[in-house]
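Just so it is clear, A, B, C and D label the chains in written order, and each chain counts residues from 1 on its own.
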């Protein structure tokens, strides 16, 4: 057991899997000698060498197409896109090729690959380097979507992603890179599709993901001071989606809130809300409320960005206003 | 007043606007001399010439970037992507550049442009030529999204899209090309953001879009035979979204169903459901039910595709099972 | 145009193989055409009639574990990797006997076990995929070569540039084959490129040799294929080949091809690769009766396959919800 | 490298303008650097220190209605279109006085009214945009030229290929300027291209001339700029220019640039475009006192701008919800 940052957990998770299985390879821009522009991949190049850890040109379509082809021919590649906003440049490869090919070939083509990318805002990089794009992927049948909230989960979910025989989008959150926690030594392997209750509660259910888990936890702490007992659920993966955990929670609390970093329309929060509105409507004691970034691009200015992304204060006020 | 097909309405709508405003230009693959691969743009090249109606190489990123640049320099361009699935190839241009640039430049950059594309399934073209991608765009702040259900609306909403000073995604539906109706002569201009009640009813509200409007209408007819009075709302545009019309309807009927061609997760149906679950929960007499394509890529085989996309029969059975 | 490489002789057996391959392609696609006419094909289809020499010449050089990637116009390439005709025609007709059980459709003919790594419906998408597959072969030390076929129009899309560049810098065993049939869908390629040869005139941008071959001459294609495939196999990196050819029909089922001048079509029909090759074989002394018999066999093979398709059931409705995931299913929730 | 075009003389006034332009760029970006050090810049920033000659040489040839498109490393290009320093530094610091009111940030310096058509943060995105803007100029008959600046690494992304091709076939008035500073972020360009010159060695793929210029020599850049911009203005189509240069600092704020050999850095610092040009001006007899004074003025301008930024308020919180739409607002529902 030693303290590990979320940032270092990324290299640890990838390293754990590359050590175990020589079919695991890793490509991307500046991931090798440079150790990644966020220093999330430091040491991998030295450990596994240029055949397995490889810098690419600035050619995102080739990275994504490349890992797809590599997965078709016996490897289990991980491809990095430096910022998650850049999935836009390679979206055909992700949404039309990788996601659909197994189905369209009636199961002939296996694509055990991981697309890893730095997601999320709060770092004042402006509208094209700060997006949360987990919804873009959740919307596409054939993709699994993972977004860890803690260093330990980074390692365990990375292992699960690499071992999964389907394409997995692994979204680590830039804002969390400096987050530390004690993480057990040795191999850590999770399963995809298991949410966890990070904070038990009985009055309201708050469902969150990635950086928003910490916002929700802070809010839960403050809500307790107001006499509201909030249960905080960390979804951890969007596909597969652990509906049982939040439905069960809502059936106990009667109130559902989602805290989502994404712009408002058509997000995972809407999906959760819709599932609840169909499947546990009679358990609800009040409206389902989504707390999201407004439906705007993210501004660069720190004060504006802070206003845009849901804060603990906003969660607290929203929950209290509904009480 | 003369009969007009949905297919011909596209050229009529574009022609109406090009006639009126010489800043309107139109580019895309095979749209010129060939009149479009679906014959939706026949005659425009002859009428407006190669300066204003222009065939491009197979370079979707250049088409999308090109219309953005043209809009920045005084034109009001329409860019065609042959099939809506191909937005994936140009997604950075659409989602990161076109959608965000006005905001990121604090309003300096005006982008009065239209992206027109053949959307939707039911034509047995397989998973990469049949998608409904309106949700992909609804999710992105800064884009307006239009999806007409009738020939008249094609003309009127095309005019509204071209005249709008914001980027508009105009999704005409391949399955409707042969649909005919009597359409008034002369200029037709609609406004964006107005839903219409296509069939009034009092027991349940069914919200639909584009091809699904016709499915919903057929279902409403059959439901009437079962004694269920269904109100069918055609959203017409997703952004801006006419929430007032469906919320008012639900407040009367107490039941909300959405009929959506898209794969299940995070669609406009989820957005509608979430808005209702937050804003008119107490009006609901039962769960909100989304009827969608399952969360799968679309299969090519006609019998499978027909099973996948919501049918009138499925709508009828779903509504009856909830009654 | 580079003269056919005549540093080696083409054997009789190879010649017969090339001819047989072309005959089989021709028979297959004519039968696909017949099946539309019978109303059995509901979606679209893109035929390579007239382009058979390219498919035949390259296929003849491949090892079973080599990997071929093609476009929607990929029936011939996939067939010649060893696929049977019935699963190809069955997929065009989206029947249960199709190679993708009817879920892919005519644009996605695939049989991975045979190295028929798929037909891709979005222009340019498969170029980087072919590159990645080649890279995996290098990492795994398999000696495989990746073959990537695409059209003239594809040279203008971004993935072309990214993929060829990546293959070049990583010296990967990929042979990129541009089948220049002079047209995209309806628009002539000459209207949208600033050079004469869409692929060959761009080769130098990737440090590659300029290679143009008569794509209607199976021998010329074969010789180019041997050279470039061997080069790839030796680890000397990719090649970009431009094969000049012509499609006899319109772009797809919906297109009668009226935008092409009659004389142009007539001139190319005279250079039909099957006619050209038949003439060559006869002048080399191959007996016409043998050649006729080969043609009969190809037709019979196609007819038998068509019968299988006609008899094949529609896909099982249960197939709708299978094979999204590796576990065989499509569940996204617990 | 092409020799500087000496078919025309560079006037004294132009020489002073070029030097002044470079001094102002240098002063601006040093000040941007200072502002980080003071903690006023919260996001990232990418400086063009060392690359000023490219910006100066091209800007000196433009008409007010010409349009310049640059990358995140675009402060210099935008400044020299006539932007004031304070809105640039203000945007780097995301203050209310920024040219985008703090909503864009350092990577998006823009002032459309001045032809400073923007700085683009996603590699390659602006190339087709610049092409489209040029096309609109042609349709409208304005005679405008579109200038598009980007880095060596950008030549490997798909939009480069699509955009240059489109400009070439439509003979559009675009000058593509690749500032080859030898590195992408951390990786040297030589590691990821199969040719020597990432842009110039690809020009022929678009039927364009191979143009390489010493990007640290403002005169050479200016002469190339005059030639290529005039060519565009005459309707003779685009050019693709490769300017060889070097960034003095790391890629961005976070990068100390340690991956570059010390000797390489030292050699390029000796060829600092400002040193080179100062030397030339002195040898041509321009009095050092005048040159010193120009330098003082540039520094004073930057210092005054920095003071404005230090005094500027944060963006008004209300700005969060404005300017998504042309109506000034952000409502997506009725």
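As a working rule, a contact is a pair of C-beta atoms (placed from the backbone, for glycine too) under 8 Å apart; a residue touches a chain by one contact, two chains touch by 3 or more.
As the structure is a prediction and not an experimental result, all values here were calculated from the model.
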Fill in the blank from the handout: Greatest Cα-centre separation from chain C belongs to chain D
Exercise for the section: Using the touch rule from the top, work out which pair, A-C or B-C, shares more C-beta pairs. Expected result: A-C
Problem - CA centroid of chain B to CA centroid of chain D, Å - result: 40
Practice task
Please report how many Å separate the Cα centroid of chain B from that of chain C, as a whole number.
Solution key: 36
Practice task
Calculate how many whole Å lie between the centre of chain A and the centre of chain B, each centre taken as the average of the chain's C-alpha atoms.
Solution key: 30
Practice task
Pull out every residue in chain B that's touching 2 or more other chains.
Solution key: 56-57, 59, 61, 85-86, 88-89, 92-93, 96, 103-104, 126-128, 141-142, 239, 265, 294-297, 299-300
Handout entry: Set of chain C residues in contact with two or more other chains
Key = 100, 103-105, 108, 122, 156-159, 162, 165, 169, 191-193, 319, 324, 330, 332
Practice task
Could you please specify the touching residues of chain A with respect to chain B in the complex?
Solution key: 85-89, 91-96, 99-100, 103-104, 126-128, 135-136, 138-142, 239, 263, 265-271, 273-274, 276-279, 281, 284, 286-290, 294-297, 299-300
Exercise for the section: Using the touch rule from the top, collect the residues of chain B that touch chain D in their complex. Expected result: 25, 51-52, 56-57, 59, 61-75, 77, 92-93, 96-97, 101-110, 112, 141-142, 164-166, 193, 239-244
Problem - In the complex, chain B residues that touch chain C - result: 29-30, 32-34, 37, 55-61, 85-86, 88-89, 123-129, 264-265, 294-297, 299-304, 307-308
Completion exercise
Per the touch rule above, chain D residues touching chain A in the complex are 42-44, 94-95, 100, 102-108, 121-124, 153-154, 156-158, 184-187, 191-193, 254-255, 259, 314-315, 317, 319-321, 324, 330, 332
Fill in the blank from the handout: Interface with chain D, chain C side, in the complex: residues 156-162, 165, 168-169, 191-195, 201-202, 204-208
